Structure formats: C-alpha cells, structure tokens
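Each structure below is given as structure tokens.
Note that subunit A is present in both complexes that follow, paired respectively with subunit B and with subunit C.
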Partner chain A sequence: MTSLDDTPRAAHALRYTLLINAAPQSSQAAKTALRFAESLLQMGHHIERLFFYGDGVLNASRLTVMPQDEINIPAAWHALIEANDLASVVCVSSAIRRGIVDAAEAQRHELSATSCYTSSEIGGLGQLIEAMSNSDRMLSFG
Partner chain B sequence: MNSLHIIAKAPTSASIAELNAVIDEGDVLIFIEDGVYFARTEFSPSPSSAPRFRHLECYFLKEDLAARGIEVLEGMQAVDTRGFVALSARLPRSVSWY
Partner chain C sequence: MDNSKPNKQTISIIARRAPYGGDGARQTLDIVFAAAVFERPLNYIFIGDGVFQLVAGQNPKEISSKPHGAALETLELYGVDEIFVHRDSLHSRGLDESQLACRVNLIEERALKQLIAESTYVINL
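And now, the complex of A and B:
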C-alpha cells in the first residue's frame, strides 16, 4: 500500500467530511458550506462524505423553488454532488419529520411523493461516524 | 494540537467569555458570516471594548466583510473561501461556533 506521504500531493490533499446542520432558507451557513465544498474540491482536496443533519436535510429537497435572482442552494448541492460523484447522506430521522423522503421512505410511510434529490441517500448517523474516521478533517456548518 | 476556531456569530459578552475559556495559544481564528462583526470589537480604531484576540492569528472572510460593509482595517487579515480551506488544511482540528 502506498503511503499518502509518498505521493506528491500528500502535503496538501486531504479528505474532508462536512456536516451541514442549517437549512438553506434560515441562515447563511448552508451557502458557506457549499462555497467551502466547491473551493476545497477546486484545490485538489477530497470529500469523503457530506452529511446533512437536523434542518440541514432541507438542502436535499428537490421541491425547493427560489426567486430567479437568488441561488437555489439545494439545486447547487445536487449539481456539485453529481458533477464530482460525491457521497452524500441525509440523516433519516431528521429527514422524514421534515418531509424529505426518497422512494423507499415514501413507500415505507405510505406517502404519495418523494422529495429527496437522488444524488443524496437517506441514511444514519453511523455513516457520519464512519466518514469522520476515514477523514483527515471534519468541519461543521450550522 | 492546535485548532481552527470558526466563528460565525456576532460577538456577545457570553460568546467572548466562552471563546476566552477554550482558545489556546497557537490556535487560529477565522471570523465568518455575522462573526465578521468581531472586526468592530477587535480592530476598529476605537474598539468598543478591549481587544481580546488580536494577539492570536485572526482572519476574516472577505466576502462576508464586503456583504456587511465592513472595511479591512490596519492589522486585519482577510481571506477568501480558498484561504479558509487552506487554514482548515493547516490546522489539524476545527471548532465551529454558531
């Protein structure tokens, strides 16, 4: 196995887990996290996993509509996740109480529609812990 | 092991006391979002209270300063989001204050 220290990028290429706790509508934090994620990828770092928790799960809503002169943060997250093939998890217990459901959760709870972008999966806190243990850095945005 | 403190809320006496209680020598501070209002207490020509953090390495997120009409004053260091990422890479741990 090649040690990270043996690679030319070792000095600066790090693995990040980002924890996003804020809804896109209620504070600036979701946008700060989005800008941070974009920049760290541009700088050659890696995102181990995005984890949306609490009100942060609303960043995965594909039913959000914004005025034309404002950024649609959930759509921007979706585009970033798709373009970079990122792992993105939405906390299940935070999500279902806020109406963020994928096909499996909609079926389980007998709901007529889904609302979660397919680029994110609905999962549990264990996936946050796992990602943190595989990361060099964990940053929280709230 | 030093930390990067990410301060996203405007200063209050309670938050200043909490910061003072946990910040170690060698820690680095970055003020983002409403946290950039710390520029008024720490760096203004006539600070509203005695500076507490100026002896530490402090940075302010440039776009958040601009969005709030706060000038970069003498002694203040402003960074963009890439600079924020670079600080997070330099320090082994981070603490978010929000």
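And now, the complex of A and C:
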C-alpha cells in the first residue's frame, strides 16, 4: 500500500456504508474498496458499516494464504477493522454457500471448522439496509 | 435514526444481469426483498440484459437453477410495485410487455436518468 500520510482531512465528515461484492483474488474491486476505506478513515470520515455480499464474503476468510509478494486482502481487512473498531457484517446466505462460517454457523450446520475472521459478524441483508439508512453515502464495489 | 435526514429515502435498485449464468440477478432480488421488509420506498429498475429476468414461464431446472421469474411474481405481496423497465432494452431484445411475469412501468431513457438522479441511494450489482 502507498502512504496515505499526505491525504487531506475532509472539511465535513460524512458517514459511509461500503458494500463489497467482489472476491479478493479475482478482480481489483476488493483492493479498491480496501484502499477507499483506508482513505476515508485517514480523511476523518466515518464508516457506518462494511457489508460483504456475494463473492465479497471471501474477504472475511481467515484461511486465505497468499504468496509472500502479494497482499493478503482478507488479513488487511481484518487489521483495518480491528484497528479502527469498525462494524463489519458478512451476509449469511452468501457466506454459508461459500464456506465462510463462524462458530455459531459451524455448530448450526454441523461443520467441523470455522473460516470467518472474528472481526466480522455474520448477519443479514437487513443490516445493509439499516446501515445505508444511517449513512450519507453508500458505495458498492464489484 | 438521524432525524436530520429526509424521511423519504428512496432506494433505486438496478438489475442489469441476465437471470442465469451468474448470481447477480438473485443478489439484486434479495436486496429488494430486504429493503421491502424495512418498508423503504424503492424503485426496482431493469435495464440491459436484466430485462430477461422478467420473462414469464422460465424453466431453468435443466441447468440446475431455481426459476427467477417465480420470485418476481411475489414482489407485489411485499409491496414492491415500483418496477421500471427500460423500454429500449426490452424492445431491442425482441421482447414486449405481454411476455413479462409481472406488471411493470415501461420507461424512456430520459425519465430513467431522472429517476436514478432523484434517488437517495443506488445499488447496481
């Protein structure tokens, strides 16, 4: 990632909801979303909620391994969410189809492992609509 | 909720993918249902290949998929009645209104642009 040190502060802070609909490995969209989120925080804006949907739920996989010279996008999201105490939701119906499960879902579906970073919660689309209603801006990626 | 926001936040949800071959169509529909449950004013807009989602009598069983049109027929029960179809997209694909699974409003390009411009939020997957 390039330095964001010279990013200007926003004159008026806005609330943003980001809808991430792309897998981390298949297109640039997830990387763009990550950098956009970093820039928003750097500029002093507020992120109301990250919502991972469709193939975007793979951004919450803690089982992703990348070659050493490539960025691990799920790990970078996890670090950003933890460092800034962000609200992050992974859509349940998208997630369980793709093997993204937390402890509760693993138990519910009798699976032997979990794969979702604990920094994101598994939830429903209502949380997207709710977050959007409380935001000045909603942007979708992918 | 923040009271400084306008009460009538209109969401425009744009369907522009064909019903099968990818999951964009279903993802878009699921967002429509979620928004409807929250009783948000919404416009469900079909453009480009998205108009194929509306065709009546779909039978995708042979490609191991669930029919998309069947779910669209239930939209009215959810109070989703603002369904807009871009007229040129429909006609340029050899379709007309009589072949669709639900009642829609045909809309011209200029009105479509205005509808989107006046929306508080736009979701375009």
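Going forward, the second predicted complex is superposed on the first by the 131 of 142 C-alpha atoms of A that agree within 3 Å, B and C clash if a C-alpha of one lies under 4 Å from a C-alpha of the other, contacts with A are read in each partner's own complex, and residues count from 1 in each chain.
We take it that contacts are C-beta pairs under 8 Å (C-beta built on N, C-alpha and C of every residue); 3 or more make two chains touch, one makes a residue touch a chain.
Computed from a prediction, not measured in an experiment: that's the story for all the values here.
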Which of subunit B and subunit C A:Ser133 touches, first, second, both or neither: second
Partner chain in contact with A:Ser93 - subunit B first, subunit C second, else both or neither: second
Which of subunit B and subunit C A:Pro67 touches, first, second, both or neither: neither
First, second, both or neither for A:Thr32, with subunit B first and subunit C second: first
First (subunit B), second (subunit C), both or neither touched by A:Met43: first
Subunit B versus subunit C as contact partner of A:Gly124, first or second or both or neither: second
Touched partner set for A:Gly54, first subunit B, second subunit C, both or neither: second
More subunit A residues in contact [subunit B versus subunit C]: B
Contact residues common to both interfaces of subunit A (with subunit B and with subunit C): 138, 140
Residues of subunit B defined as touching subunit A within the complex: 6, 8, 32-34, 64, 81-82, 84-86, 88-89, 94, 96, 98
Subunit A - residues contacting subunit C, complex: 19, 21, 53-54, 93-94, 124-126, 128-130, 132-134, 138, 140
Subunit A - residues contacting subunit B, complex: 12, 14, 16, 22, 27-29, 32, 35-36, 38-40, 42-43, 45, 137-142
Residues on subunit C engaged by subunit A in the complex (per definition of touch): 1-2, 5, 9, 11, 23-24, 27, 30-31, 33-35, 37-38, 40, 121, 123-125
